[in-house]
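Two complexes are shown next, each including subunit A; its partner changes from subunit B in the first to subunit C in the second.
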Partner chain A sequence: MSLVLHNRPHPKADFPIFDPAGPNAGLTYLDSGASAQKPTQVIEAVSRFYATGYANIHRGVYKLSATATDAYEGVRAQVATFLNAASEQEIIFVRGATEGLNLIAHSWGQTHLQAGDAVLITALEHHANIVPWQILRDQKGIELRVAALAEDGGVDRADFTAKLADGKVKLATFTHIANATGAVLPVAELTAEAKAAGALVAIDGCQAVAHRPVDVQALGCDFYVFSAHKLYGPTGIGILYGRLAVLETMQPYQTGGDMVATVRFDKTEFLDPPQRFEAGTPDIAGVIGLGAAIDYVGSLGWPWIEAHEKALLAYGEAVLAKVPGLTLLPAGPHRSGIFSFTVDGVHPHDLGTILDHHNVAIRAGSHCAQPLLNEFGLTATVRASLGLYNEPEDFDRLAEAVRAAQRMFTPKRA
Partner chain B sequence: MSEALYSDKILALAARKVARLPKPDVTAVRNNPLCGDRVTLDLAIAEGIVTAAGGEARGCALCCAGLAVLLDDLPGQTLESLPAQIETARRSIAMGVSGLAVVLSVLQERPIPRPRQKCVLLPLEALQEALSSLSTNTHE
Partner chain C sequence: MTDPLLSIADAQAELIETFAALPDWQERYQYIIELGQALPALPKAFQTDAYKVRGCQSQVWIAPYLRDGRLQFQAGSDAIITAGLIAVLLSVYNDRTPKEILTTPPDFIRAIGLSQHLSPSRSNGLLSMVRRIFDAAST
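Let's turn to the complex of A and B:
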C-alpha cells in the first residue's frame, strides 16, 4: 500500500539517512514531529552555498555578497508566498518557533500589554507558548488564561469563548496542531472569534507547516511561527510572520548591526521591519536550506502530501488499535501527523529504548507539554510522528516492537 | 539486539518492592523533567553512617532498578565517602565503563545509552540532594 507519485520514486529515496546501504539501514523514523530528516536537495543546497556562494549579506559591496544577499532575500519572498503573506516585509528570520514566540512576547507584549490585560492560550500548548506569557504575567501583572481541554482531546470551544467575553484578552495565542497529541485546532474559527473580541492572534504552526498549506491572510492571524527543521530544512532557522501594521508598532527584540538606520552616541534609529528584528549576522546558510526545503515540498505538492498522510493516519490508527494494552491519546475531531500513546505495564522511556533496539525511532517523555499531559493524568507518553518519507510498513514495525516490549515487561513487572 | 540492557537481573531489580522509612533523618525528592519520573529517598543516619535507606520511585525500569540498587548499597556507607562514589558512578555511567563504582555496579554491567542516563542517575541525584540538605542543616 503506497500512493503513487507520478514520474518519480517514493520521496523516501530523496533522504540519504534511509539509504539501505548506509549506516542507518532499516531505520523506521517516526520522530518527525521533533525534527524531520533532510532530503538531498536541502543538504546539497546548504553545501553548495558554503562551497560556491558564501559571503555575509546586505553590506558587502562585492559580487559574492550581492549574490548571497539575493539568495537570502529570495527565500524571504519564497516564505511569503509559502504562507501567502501580503508582503515579504512580514517575514522575519528567527532561530526557530521558540524564538518567534519569545520575540512576540518581548517586542509586542512589553509595549502593548499592561496590568489588567489578559493573554489567552489553550491547554494544548507546547511549553514555548506558555512560559513566555508566564514571564510577562510576572513582570507586568497581566493575566494568563487557559482555554480548557475538551473531553475529545480538542480545545473546549465554550471555555475559549467564555474567556474572551470580558474584552480583557489582548492576545490569543494557540497551536495549529498540538505537538503532544496531533490534535488539529480549528484555528480559522478561533482566530475569527478572538479578533471579534478585540484580541490579536498568534499561531504556533510548528506541527502544521509540513502537513498542510497555510494561508495567513485567509486565517486572519497577526502572527504565525514555525521552525524550518520540522519542514525538512536545517536546524537553527525559523520564521515569524507578523502582519506589517502590527510589526511597525513593535520595538526590536535584539539590537546590534544590520537592524539600525543611524547610530550616534546619543541616539539610534532602527530600520523598518523585517530588518528591525534581525540583529547581527543571521543563519544565512540555514535560510538557503529553508528555501530548498520549501522548493522540495512544493515539488511533491500538497495534494500528494495530504493524501499520503491521510492514508498513513488511517493505516496507523488501524494497526495501533489492534495492539492490546495500547491507549491512544485523543486528538479532538481531527488528527494530523501524530499518534501519542501509552502501553500498559511499560514505561514510555523503557518502551522508547526497546523500540530503538528494533530500529524504530520515536519520542518518549512529556514532549515539552507537561500541562497537557497532566490534563490526561500522565507525565509521559510515546509519540510516533509522521513525515512524507513514512510508509505504512513503518506502523507494522512499530506495532511489532511494541508487542516485543510487552512480552519483555508484562510477566516481570506485573 | 541490545535488549540485553533489560537483563533479567535489572528487570527483577525494577520489580522489587521498596518502601519508605517510617522516621527518616533526611528525605530528598528529585524529578526528571523529561518524563515526569520522581524518586523519593529516605536516609536514617547515626554517627556519620547510613543506617537505613528507603524510598519510592515513580519511574521507568532503569530508574526503579537504580533506586533498588542504591537502597541495597547505602546502609553501612559513611556520609563522607558518598560524594566521591556518586561522582565516580556518574562518570562511569557517562563513559559507559563498567566496574568502576560500587554504587550502581549492577547497572554498569552494560553501557547505559545517553538518552537514558538521566533515568539511572535520578536516584543518585536524590542522594546528592539528601547529602546537600544534611550539610546545609549541619552548617545552620
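Let's turn to the complex of A and C:
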C-alpha cells in the first residue's frame, strides 16, 4: 500500500543498506530516530568530494581549495534556505545537535545569565537539552525550571505559562519532537509565549528536520539545532541556527584557527559569526554530505515525505494496537515518526534482543530521556522510529516479532 | 545453582554439553529465558548502587559474599535474558574459591555459542558481569 511516487521507484531502492542482495537482506530498520540510513546520493557525494574535490577550506590560494571552500559555503547557503534563515551568516556548522546546545549554553549562557535568572526546559527533553543547563545552574547559580508533562503525553501548557510568569526566564529551550515518545510540541505557540515573556528561545529539532519542513523565521525562535545524521546525512556534522543579532553578542565556543581576524600575543580579535564559532578545520566532507542529504530530501519533496509518513504512522498505530499487552506511550495531540511502547511481561531489552534475531532493528532503553521515562514510571521502553524508506510491511514484521517474543517469555512452568 | 559435586571444569563442560544439545538460537534463548525465570528474585536489600553493575543497559546487581573461603553471589536483573545469563555465569562461578574463579576465564561463553549474539558491543553487559565476578575474586 505504498504511496506511488511519480516516475520513480520507491526511495528504499536509493539506500544500499537495504540491498536485497547485500549483507543486510531482510532487515527491518525501525531506528531512524537514533540515526537514519544514507542514500547513495549522500554516500557518493562524500566519496566524490574526497576523490576529486578535496582540500582544506578558507586558506588555500590554489584552485582546489577555492572550489572546496565554494562547495562548503554553498551548503551553508543551502541550509539557510532549508531552514528559511534570514541569512547564511546565521548557520553554524557544529558536530551535531548536542554540540549546538552546548555551544548555546557556553557562548550565550556563560555571559548572558546571572544568578537569579532562570532557564526553562520541558519534561520531554533529551539529556542533551538538560545536562548543559544543569551545569550552568551549578556554575552560575541560575534556576533550571521544567515545564511538566501533560496527562496526554504533551507539554503541560498551563505549567509552561506559569513558569514564565515572573519574568526570570531568560531562555526557554525545548524539543520540537520528543525523541522518546514522538510527541510533537506546539513549538510556534511555545516560542511566541516565551518571547512575549522576554526570553530567548532555542529548539532541539533533531527529530523534526527529517519529517517536516522547518521555518525558523515563522517559528520566531532564536536558536534551532539539528544533526545531519538523522536527516540521511553523515555523522559528525550538525547545524546550529542562531539569529544574527543574538550570535553577534556571543563569545567563541572554542578558539584556534579559522575563527580569528588578528592574533597578537597581547590580544586577539575574533571573526564575525558564523566563523567565530567554527574553530579549526571542520568536517568538510560531512558538510558536503549534508548538502547532498538536503538535496535528496528536496528531490522527494515534503508533500510526498509527509503523506508517506502519515500513512505509515496510521498503519503502524493500527498494527501495534492489535498486539495484546502492548502499551503505547502517549505522544500528546500529535505524534511524529516514533512509537515508544512496553509489552506486558517482556523487558524492553529482552524484547530488543529477540527482535534483533528476527532482523528487526529497534532501540530499547531510556532513549537518553531518563527523566521523561521516570514521569511515566518506567526505566526503559522499546522505540520504533521511522524514516522515509520504511514501508507498512515493516510494522507487520515488528508486530509479528513482538508476538513471537511474547510466546518465548510466557512462563512454561507453573 | 552450582552443583557442589561438580568441579569448576566439570561445571563448564556440563554447560557446554547442555547448550550443544540445543539446535538453534531460539532454543538457546528459550533455555536462557527459563533459567532467568527460575533465578530467585534478588532481595530489595541487594538492589542498591553499591551492587549495581555498570555497562549494562538493563539493571543488574551482583552482590558477592565470602564464606569459608568460597565466593557466593546473590544476583539479579529486571530483564529475564540478563537474569538467565547471570544464572549461566553463576552455574560456573558461584561457590568457588577466588583462585578457582581467577584461573577460569569465561571461555565457555564462546563454546556455548553465545558469543555471536553476546559480543562486547552488545548492551546486555555480559562482559561487565564477568568483570564484576573477577573483581570480587581478586579483592
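Everything below uses one rule, namely that the second predicted complex is superposed on the first by the 411 of 414 C-alpha atoms of A that agree within 3 Å, B and C clash if a C-alpha of one lies under 4 Å from a C-alpha of the other, contacts with A are read in each partner's own complex, and residues count from 1 in each chain.
Going forward, a residue touches a chain if its C-beta (ideal position, glycine included) is under 8 Å from a C-beta of that chain, and two chains touch if they have at least 3 such contacts.
Predicted, not measured: the structure shown is a model, and the values here were computed from it.
Q: Record, for the superposition on subunit A, whether partners subunit B and subunit C clash or fit.
A: After superposition on subunit A, which the two structures share, subunit B runs into subunit C.
Q: Between subunit B (first) and subunit C (second), which does A:370 come into contact with in this model arrangement: first, second, both, or neither?
A: After superposing on A, A:370 lies in contact with subunit B but is clear of subunit C.
Q: Determine, under the contact definition given at the top, whether A:45 touches first (subunit B), second (subunit C), both, or neither.
A: Neither partner.
Q: Can A:353 be said to touch subunit B (first), subunit C (second), both, or neither?
A: In the superposed model, A:353 contacts both subunit B and subunit C.
Q: Does subunit B (first) or subunit C (second) touch A:380, or do both, or does neither?
A: In the superposition, A:380 contacts both subunit B and subunit C.
Q: I want to verify the contact counts: of subunit B and subunit C, which reaches more residues of subunit A?
A: Looking at subunit A, the partner in contact with more of its residues is B.
Q: In the overlay, answer first, second, both or neither for which of subunit B and subunit C A:408 touches.
A: After superposition on chain A, A:408 lies in contact with both partners, subunit B and subunit C.
Q: Using the superposition on chain A as set up above, list the residues of subunit A that contact both subunit B and subunit C.
A: Correct list for subunit A: 347-350, 353-354, 357, 364-365, 379-380, 408-409, 412-413.
Q: Please give the residue numbers of subunit C that touch subunit A in the complex, ascending.
A: Interface residues on the subunit C side: 25-26, 29-30, 33-34, 37-38, 57-59, 78-82, 117, 123-124.
Q: If you look only at subunit A, which of its residues touch subunit C in the complex?
A: Touch residues, subunit A against subunit C: 346-350, 353-354, 357, 364-365, 379-380, 408-409, 411-413.
Q: What does subunit B use to touch subunit A in their complex?
A: 1-3, 5-6, 8, 11-12, 14-15, 33-37, 58-62, 113, 115-116, 119
Q: So in the complex, which bits of subunit A are touching subunit B?
A: 347-350, 352-354, 356-358, 364-366, 370, 373, 378-380, 404, 408-409, 412-413
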